[in-house]
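Each structure below appears as structure tokens.
Two complexes follow with subunit A in common, the first pairing it with subunit B and the second with subunit C.
And then the complex of A and B:
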């Protein structure tokens, strides 16, 4: 039996006999490690945000306090761009991209960069959430632990999922939400191989959070009485939350586009966006930071604002979030969605009460919860995440029936207007969103280089037909590339069908040159082309094979038959 | 299939020297240059088990309007066909393109991130180290000034990676027809016969006898002193063990020592190198 040194075993644990029995054992052990690390990251960010918020609290009432979010956004931007040189982005799309395209490979710097940048943005009052940054951090931790232990691509993707689950479970103290979010949004794959380690990581992340921050749910558990009226009215709430989800998505995109069109240094844009948020915050402090404090009040029924003010707050929070994230701040949309959702729920409650003042069976706290679920489900187009998040952060199942209704309807209606979730819309529009075992994913893992058949015999343009017939006798292929004998440049193709009219007339053997009968300038494929593009071209032109060139040289042929072989093999590997 | 060599083009006189070296290497080996003219100061290279972010210094973005024409001029002046330019198709973020890594060679200056004033002997930038460590292709670190190499010098110390460097040297010799010399520094434990045994085990003994012009075997004085025997215009092919950065800085390695002494162009075979040529 082959012996391995201690160093090799340490860096290659998958070689241990114990883990070779079933690699799920290895994933469970490493998943727990990743869950603990990402849980620690989420606790660190949570405590950091509380500390910074406490420090700046005394300044909030001063006139110049509106500068604070601007300063935070600038520092956050400069940290990301100049110190860690991370590149733009809010976190979750980058994680999905990495899983989709590169088997979960992520940079080490991503494991801490967003934690610090979002701490600066949110702690100073920017309207954003810490969840997306912590998700990115957890995913990068998982990816780099997988890299350290030299795991393969499938195992690395699983650990990226573990990091995501552990981080989200840690920040919300919600293990099921961490697990469901990871599978629904990040992995898009409910295979048992992934679910088990992700579940373990989720538990580990939540447990770390409980050990270091106490076993507390985010919002106080209240018992709401749910009757038929509430369930019926929740359908109306779902429609409103879907509309607000669409509005928020479009505002975020528009804000980003507007900022992109303004020719100012990025750090000035971040400052302008942050200061505008600060100005809104001077009038309505509810829009600042993550805003969980106000959600708590709404859930408890202690938020005094009337219909007009709550409607105004929905609009103000949407604008503040768009300015923060669109103009250069760092953070996620999870927490703003919860705040806007609870405002939306309250707005619906106030509207109903204005229309039917005698209706006492519906509770404003319950509507705030349902609104949160509707917004999360609508924006993320992930109904399960919306349902489980609210159940876990409130610690009760009483509202489960209207929660399911609101989440399902909100997701469906939002999907009708915004076909992709906020996280995935850019990836889908650029063709980068590829789920495991889908056609796009399999094709993306194959390249023209792998498929090219190089057993073609190249002939020269000045070759006589008689000589070519001898070449045909030696070859088993129907296509023959034609090259210039001096320069070697690819000039055309000859198919057996092209010589059929001359084949039975030996007199032509010495009179016809290949240059006269070849197909000049045929459709070619560049060796660097994407396989999906090549297949589209083949389909449009009804071709079964095409010549592959590199520069002006013939390299070989790519055919659908070879592609099918490799496609099946790749599909088996991915399965 | 024609081999390809990736080159990140810097539109400066220094960049021209580097591109001339790439062009010459391609003309000798039959590879075709593939040029990336950066439009952003950073890009990513996704290798099989690592992702490397390259942060370029600002000179890489000089005069973008003339960059492609100048690169074509340099390449064509060496009698090569018009090169292919990489247009990134995938982006990790809007200003962070992903560059493909499926090449047979890559040319990298000693440092890709720092100002050119910092580039000198004894310094290989951290990004270049990461590329060498992660790449499945050998990395050509060119001399500061373009100097055509007229022979190949393989540093062979008997390790697994040195063996791969030797195989690569033999292949390049077969493409280019240039004379190949092998340089080995004896240690206390192994004699030349032991090294011959290693080559015989690898099935390279016949090829060595047939294709190697001279095998320099040093059993006296220090290796860095013996490096003087390497011709000033030889392409040095050597393996990099793949230590971590800290370990390499603390304890050094053959690659560290060679690159701090020699001004020649070096072709470095990394730990992940797979014989694609």
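And then the complex of A and C:
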């Protein structure tokens, strides 16, 4: 047996008796560590982005500035594809996939790859957000810290959650949003065991960002007065944001499809997409980058644009985002959603003003806030995240009532048209989306190998019925696999029902061989098959049990009766 | 406590593959230490109880009933004893006599109930199974008898008409009393297996002494065990 030296015991904290009994304290301590690290990652990206855009600021007015997003997209793509060899994509689905399929296992390089690639994309002017890349880095940091300390899967998933929470809390200075987003999108499970370390990590991430960047609220604003009129108008706004959410989702998917159909090297596609964004940006610089600068203006209420221009901006930002993300750029959907949301809010405000010029009680800043919340809730289909994010990044609790209404209605309406959120649609369509304690989760955990019952007695094809009757006497099962006596190959099955008519006819005992009674070539299950597929086959053929083979050998039986037993245990153990 | 995964799997009656996965996923309070599983017995017991699983260490279990049964035809016959020269001309007469002979084993108070039950059984259908042998037994296990399963072998002084299936008068009775149906059926099936043996029937006709008789029964029982194992 391997001997572990005392010196190394700190590498295996879960072995300490103190933590073995209850790992909650261990998770809280490590969660705080993960939160600090992912908070640092988010601060680094934030500072990197502002530094890069400061440098490029002087070039913005030059005629060739539209090449910048193209160059950024190419560099970012080449970095992801060639240097770190990770596929494109914005990050959040990858985290959810790893949590639901591999117990939160992530590569170490994921903890910085998206930071650099999104820094290149967004810093150069691509229309994308830094949040999803930071979330992925945070998750990878959590996963690797868990691996460093040899934690098990459940603990690792908790630390991955801590990483995302810390990262999001750090980048927005919004601890509650970090928690809610993690639980709503990443974990899908509100159990106290996970919530506590995630909350601690949120605090750690937010605190790190406050220490390094100052405690500032992202979008400060004047106080809004919320009255009955705004509540009713917010319902109308929710409908518009839902429509825009659906439009954005469809545009993103369509742009990705179009890019997939063009036979060009990927880096050229990234360049083309980036340059097109740059061209739009020449006309309307509002669409470039993460765009938080313009949100601030809109929330303050001093954004100089009429109804036509704002509508144009909504469309332009949607197109720019689709071009950036669909054609190979790297970044998240969060920030573009906020920008499009505030444009949408403004658009609604301008239309209402045009219809009822006398209404003075509604404020355009307030509508911008509500629009952001509506878009986030619609695209992510996560109403809680939409509500808390806006409350926290604007520091305005007084808007909470219309916020909840907009979030709820926008989520519901978008769900009617797009049943899966933008983050999860690919996972759901490929069947890789599994939440804890769901049917899919349990079935994917259980394997045929675990369910197979091996207490069947194998008989030979040339055995006489008389000898077989003796075998039946000793067996307590109804199924008997038949094998070839020379090769051991599985050739058929006999069910007790098959011999019942001959059981009391001693004349046949010496005259009939099992080969004549058995059901040849029965439906079999391979030991490596997925349980969900096997169950589908059983349901289709109305079978309650099936023989399991490995190669051409019989291994055992798999039956629904045993499955129910194991299924229940699995559900109980998971909770 | 330190156990291998296979031992742990046996004590929890779950497949080792499932347990390996649960440990990896952190669903049970067990850790790997090299290739062994390390855990606290108290914790795993409470975990198992929470999840409707059973965790039984070998020391916790009582001896299984199967072991008790495996060699019990001889044991039951030794308990019941071999009795010679039972007098009586009627079924009721010989049954009274037989019950009187095992009175000290089953207890005096249980005798009337046993006789009543035996007679009831004979009224329903004779227990004379042919070849001059009868296997009288109560229809249901009797409540009041606190004795191990027993078979009293009774050689009759004069053959008695039991209304047997082959109408031959009975000269040997195996009085069977068992505390539960399982051992009752078990003993009945083994006794009838013995009686089917021609050699054994010849031995019965010669009224052998106790030692020789029990030896023969043991011999046949081993044969029976072999053909059914």
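Points worth noting:
Keep this in mind: the second predicted complex is superposed on the first by the 560 of 575 C-alpha atoms of A that agree within 3 Å, B and C clash if a C-alpha of one lies under 4 Å from a C-alpha of the other, contacts with A are read in each partner's own complex, and residues count from 1 in each chain.
Everything below uses one rule, namely that contacts are C-beta pairs under 8 Å (C-beta built on N, C-alpha and C of every residue); 3 or more make two chains touch, one makes a residue touch a chain.
All values derive from a computational prediction rather than experimental measurement.
Superposition model on subunit A: subunit B and subunit C are shown accommodated side by side without a clash. Within the superposed three-chain model, A:447 lies in touch with subunit B and with subunit C [touch as defined at top]. When the shared chain is aligned, no partner comes close enough to touch A:477: not subunit B, not subunit C.
In the superposition on chain A, A:574 makes contact with subunit C only, while subunit B stays out of contact range. Using C-alpha centres, the superposed arrangement gives subunit A a vertex angle toward subunit B and subunit C of 60 degrees, stated as a multiple of 10. Legend: residue contacts after superposition of the two complexes on their common chain; A:464 is shown touching neither subunit B nor subunit C.
When the shared chain is aligned, subunit B comes close enough to touch A:98, but subunit C does not. Of the two partner chains placed by the overlay, only subunit C lies in contact with A:566; subunit B stays clear of it. With the two structures overlaid on their shared chain A, subunit B and subunit C come no closer than 6 Å at the level of C-alpha atoms.
Subunit A uses residues 447, 449 to touch subunit B in one structure and subunit C in the other. Residues 14-15, 17-18, 21-29, 31, 33-36, 40, 43, 50-53, 227-229 of subunit C touch subunit A in their complex. Those residues of subunit A whose C-beta lies close enough to touch subunit C in the complex are 1-2, 14-15, 20-21, 23, 103, 151-155, 445-447, 449-451, 470, 473-474, 566, 568-569, 572-574. For subunit A in complex with subunit B, the residues that touch the partner chain are 85, 87-89, 94, 97-98, 101-102, 105-107, 109, 147, 150, 430, 432, 447, 449, 452, 454, 526-528, 530, 550-553, 555-556.
By the touch criterion stated above, subunit B contacts subunit A in their complex at residues 1-2, 4, 32, 42, 44, 46, 49-51, 53, 55, 81-84, 86, 89-96, 98, 100, 102.
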